[in-house]
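Consider the two complexes below, in which subunit A is the common component and subunit B and subunit C are the respective partners.
And then the complex of A and B:
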C-alpha cells in the first residue's frame, strides 16, 4: 500500500509504470505489438520526441516554454542539405554548421527573453512565425533530399541491432540527467523556475541562464531535426510542426510542472514513449482520422489528470 | 453629515489611466490606416469599407476570445480548432430542417459548451489552461473532422450576402459585441475576470467566485471563437475542418499587440481591438505593397517582439535616472 502511495506521488515513476503496463497489455492482446522490430520502431519514434523534449524540459523547468522548436526542426531539416559542403564526404561539417544555426536561433530567443524582457511564450512564438516566413522566402516551398552521409547513417544505421537514433537519445538522456541533477547549472535552472526573484537575490544570473537554457533548447531541437531528416531522407516546410505540441505533452506527461521549478527529465523519457505508444495503439484501432484525433486528445487529458495536477490554492 | 465623496470625473480618470499605455498603439494603428487609405482610396466607399471590416471581423472576434483567456491568466491553444468547428457546424446544420436560426443556435451552443467544459476542467480540476486547451485542440479538431471530413456543406446565399456582402453588417456586429462586453464588465462576473486574473487568492478572499468567473469567461471565449467560425463559413460559403488553424497564433499575436499581459488581469478590450486591427491592416498594406504573402509572417514576428519589448525598455529607461 505504501509503495503504491509513493508511486502515485512520484510522477516519473507513475508514467514509467503506465508505459510498462500498456506495453504488457498491448503485447499480450495485439498480435505483432510485442515483436522486437515493432518495439524498436516505437523507440525510434520516441527518440525524436525525447530529444526535442530535452530542450523543452529545461525551458519549462525554468518557468518558460519554447514554441519555436517545431520551426527550428524545420529550419535544420531544410538548411542542412543546402549548406552541407560538397567537398566534405563525411557530412560532419554540415551537421556542425546546422547545429550552430539552431543554437544561434535559441540564443536569439534567450536574448529576447532575457534582455528585451519579452515573455518566453511570446518571444518563441514570434520567432516561430518569423522563421516560417524566412524559410519559404529562402528555400522556396519545395522539398529537399538529403545526401549527407553522416545524417543518413544517423537515421538508418543500426549498430548492434539498436537504431543509431535511440543510441543518440540514450546519450542525450544521460547528459540531461547529469545537467539537471548533478551540476550547479541545473540547480540554478530549477531555482529560477521555482522563484525567479529569490534566485536572483541569491546571486543567480537571470540573463546568462536564460540565454543558456534557450540555446540548449535550440541545440536539441536542431539535433532532433537532423535525426528526423535522416529518418525521412527529405526535408520540407512543416516537417517539424507535429513535434511542437508533442514535446510539450511529453514534458507534462512526465510530471514536470508547466509552471516551472519542479520536474525531471527522467519523467520526460517515459512521457515520450507513452505518447508514441498511444499514437501507435490508436492507429492500430483503425478508426477515422477524426476519431483518432479525439482519442489522442482524450487520452492526453486523462493522463494529465493523473500526473499534471497543480497544487491546491 | 459626511458622505463619501466620489469625484465626478472618476470615470474619465480611470479611462485615461487605462488609455495611457495604449497611446503608442493608437498612433501606430492610425499611421498604418493612413498608409492603407493612401494605397487604397476605395476604403472610403461603402463597398471597400465593408470588405475591409469583413476581413478584420473574424480576427477581432478570436482576439477578443484569446484576450478573455489571457485576462484569466491562461492562454488558449484551441482557438483555431474552435473556429474550424464553428464553421463546420454552421455548414452542416444550416442546410438542415432548422435552417439558419438552428445553425446559429447550434454554433453558439457548441462554443459555449466547449468553452465552459474547458473552463470547468481548468478551474475545478486545477490543470493549467495551456495544456487543457492543447489536449482540447486535438479533440475539437477530431469532432470537426467527424462532422465534415472534407470541405463542403451548405450556407444559404442570402446569409452569406447579409454578413459578407456589400454592407458593413460585420462592423455593426463588432460594435454590438463591444457594447455587450461593456455590459458584461458591469456585472460581478465580468469585473471578477480582472480581479481573479490579477490576484486569484486576493479575489477569492474578497468574495469573488473565482471558479465561476473562470467558467463563464471560458464559455464566452468559446462562443466568440465559434461565432468567428460561423462568419468564416458565411464568407467562404462552405465549411472546412481545418480553416481555423492560423487563428490560434494570430489571436495570441493580436492580444499581445493590444497590450494584454500574460500573467492575467491586465489589458483592455479596446487595446485588443486595436491590436487585431493593426494585424489586419498590416496584412492588407503588405499585400498592396506587393510583398510575397509569407513576408507577412516575417513582419508579424518582428512586430510582436517590438510591441512587447519597446514599452518594456522605455519604462526601464524612464525608471533609471
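And then the complex of A and C:
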C-alpha cells in the first residue's frame, strides 16, 4: 500500500509503470507487438522524441517553453546536406557545423528572452516562423538527400543489434541527468523556474542561465534533426513539425510541471516511450486519420490525468 | 452585563497536515463588541485556526459554530455569507486593478449585468474615508506602498460590512500614523458591535486594543482570559511557557573598522540623492515611514535595481554594483522583507534553499559534491537551530524558521555587508531574539549590518546609528546618543528641528 502511494507521488516512476503495463498488455493481446524488431522500432522513434524533449525539459524546468524546436530540426535536416564539405569523408565536420548553427539559433532565442525581455513563448514562436520562411527561400519545395557518412551511420547502423540512435539517446539521457541532478546549473534552472525573483536576489544570473538553457535546447533539437535526417535520408520543409508538440507532451507526461521549477528528465524518458507506444497502438486500430487524431488527443489527456498530474500545492 | 452570545466559535477543533498535528482541540469564541487577541509564537497554530474560522480549511475533528449553530461544510463562501471577513497577512490584492475594483472585488455592484462604477465608487469612497485612504480610487494597487496596500486590504474587508472581522498582523507593514488610524477604527467597529479577532506580535498594540486574549502554544490553548491585569511579561510567559527575559539584547559598542560604504549623491528607484557612510563593525538602522525609498536604497546598493551616484565606494568597488552577482562577489548579501516571494524558493527543499547562493563553490570535477553539501546544510541548520528534515519543502516551515533559512543561506559566502530588509516581520518573539543576537555577533565579527526596519524599538535597541528616510531622501542621521523612538518618528514625520543635520 505504501509502495503504491510512493509511486503515485513519483511521476517518473508512475509513467514508467504505465509504459511497462501498456507493453505487457499489448504484447499479450496484439500479434507482433512484442516482437524484438517492433519494440526496437518503438525505441528508435522514442529516441528522436526523447532527444528533442531533452532541451525542452530544461527550458520547461526553467519556466519557459521552446516552440522553435520543430523549426530547428527542419533547419538542420535541410542545411546539413548543403553545408557538409565534400572533402571530409567522415562527415563529422558537417555535423559540427550544423550543431553550431542549431546552438546559435538557441542562443538567439535566449538573448531575446533574457535581454529584450520577450516572453519565451513569443520569442521562440517568432523564431520558428522566421526560420520557416528562410527555409522556403533556401530549399524551395524540394527535398534534399543526404550523403554524409556519419549521419547515415547514425540513422541506419545497429551496433550489437541496437540502433545507433538509441545509443545516442542513452548518452543524451546520462548527460541530461547529470546536468539536472549533479551540476550547479541544474539546481539554478530549477530555482529560476520556481521563483525567478528569489533566485535572482540569491545571486543566480537570469541572463546567463536563460542563454544557456535555450542554447542547450537548440543543440538537442539540432542533434535530433541530424538523427531524423539519417533515418529518413532526406530533409524537407516540415520534417520537424511533428516533433514540437510531441516534445512538450513527453515532458509533461513525465510529470514535469509545465509552470517550471519541478520535474526531471527521468520522467521525460518514459514519457517519450509512452507517447510513441500510444501512437503505434492507435495505428493498429483500423480507423480513419481523423478518428486516429481524436483518439490520440483523448489518450494524451487521459494519460496526463493519470501520470503527469501536477501535485496539489 | 448579560452574557453575550458568541457570533463565531471553534469548539474542540483538531487539524493536522501530513500527519503533524497543528491544532489539538482548540476552543475560541468571538463575541460581538469585543476585541479578542490571539497570541502565540509562529508555528503555534494561529494561521491554521484563522483558516478554520474563515472556512479556508476544514477541521479534522470538532466544529466551527456560527451563531450557536454548528456548520457542517464550512467554506469561504459560507463564511462570507455569515459575515466573516479576514484581513490576511499575505496581501491578496490584484496589482493591476484599481483601489476601488480591489475593494469591491467579488461584491461588485451591477447594473444591467455590467459593473456599476458609479455605485462602486460611492460605496468605496465611504470605506476608504474610514480607513484613511486618500489616494485616488482609480489608482492601480500595484503603485501603492506595502503599508497603503494593507489599508486597502482592510477597506476591502470592511466593504462587505462584516459582523466578524479577523485581522492577521494588520500593522506589520503599517507606519505609526497608519497604525494609529487603524487603532481608532478598530475601537469604532467594536463599539458598533462587531466581533474582532486581532493577531499581532506587537504586545503594546494588543494591550492598547484588546480586552480578551487567547494564547496558543504548540496547538493547545494555554490561556483564554480577560486581558485586564496581565502585563507584557505575563503575556510573553503565557506564549513561551517561561520567562522570556528582555526581548532586546543589551546594545554593544563594537570597534569600528574600515569604511565599507561611502556614497555621495546616490540614487536608485525612489531613493534620491543620498549621502551615506558606514563602516565595518557597525549596525546602521534605516527607518522612516513605510515606502520612503528605504527599500530601493538597499536594492540599489545590492545591484538589484539600476543605481547611479556622484561618487561611490561599495566594499572596495568604485561605482554602484551593476547586478546581484557583482554584489555577491563584492561581499554583499541581501535578505528581502517578503521572504515568501523574494527570499525563498518555497516549493523547494530546505536544503536546496540553503545551498542556492553558494552552489558554485561545492563542486568537484564539475559535479556537485553531495557529501560536502550535506555537511554544509547540517552545519547551517545546527547553527541556526532550524529543526526537522531538510528534504521538506521550505513552505512547510513556520514564518520564523523560514526567515532563518533566508538568512542562513548567506553565511557560507561570509559576506562583509549584510543588507536586511525588515528581517523580523511576522516572526515570533523567540526567533526575533535569536535574530537580534545574530546581528550583534555579525557586527562583532567586523561585518557591516544595515538594518531596515518598520519596527522602531528594534532600531532604538540595536543600532549604532539610524538613517531616517523621508520622501526618498536621507532626512536625518541620528547618532547613538540621539536615537529614541520619539526622534525616529519625529524625523520620519519631518518634525525634527535638527532635521537639517544630515
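To be clear about the criterion, the second predicted complex is superposed on the first by the 307 of 313 C-alpha atoms of A that agree within 3 Å, B and C clash if a C-alpha of one lies under 4 Å from a C-alpha of the other, contacts with A are read in each partner's own complex, and residues count from 1 in each chain.
Here, a residue touches a chain if its C-beta (ideal position, glycine included) is under 8 Å from a C-beta of that chain, and two chains touch if they have at least 3 such contacts.
On a predicted model such as this, the values are computed, not experimentally measured, just so you know.
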Touched partner set for A:199, first subunit B, second subunit C, both or neither: second
Touching partner for A:31 - first (subunit B), second (subunit C), both, neither: neither
First (subunit B), second (subunit C), both or neither touched by A:182: second
Subunit B versus subunit C as contact partner of A:190, first or second or both or neither: second
Which of subunit B and subunit C A:305 touches, first, second, both or neither: first
First, second, both or neither for A:122, with subunit B first and subunit C second: first
Residue contacts on subunit A - larger count, subunit B or subunit C: B
Intersection of the subunit A residues that touch subunit B with those that touch subunit C: 313
Residues of subunit A that touch subunit C when the two form their complex: 178, 182-184, 187-188, 190-191, 194-195, 197-205, 261-262, 313
Subunit B partner contacts - residues on subunit A that touch it in the complex: 65, 112, 116-119, 121-123, 125-134, 136-137, 245, 248-249, 252, 258-259, 288-298, 300-301, 304-305, 308-313
Subunit C residues touching subunit A - in the complex, by the definition given at the top: 302, 304, 323-325, 327-328, 334, 336, 341-348, 352, 355-357, 359-360, 363, 366-368, 409
Subunit A partner contacts - residues on subunit B that touch it in the complex: 75, 77, 121, 125-128, 130-132, 134-147, 149, 200-201, 204, 249, 252-253, 256, 262, 292, 294-302, 304-305, 308-309, 312-313, 316
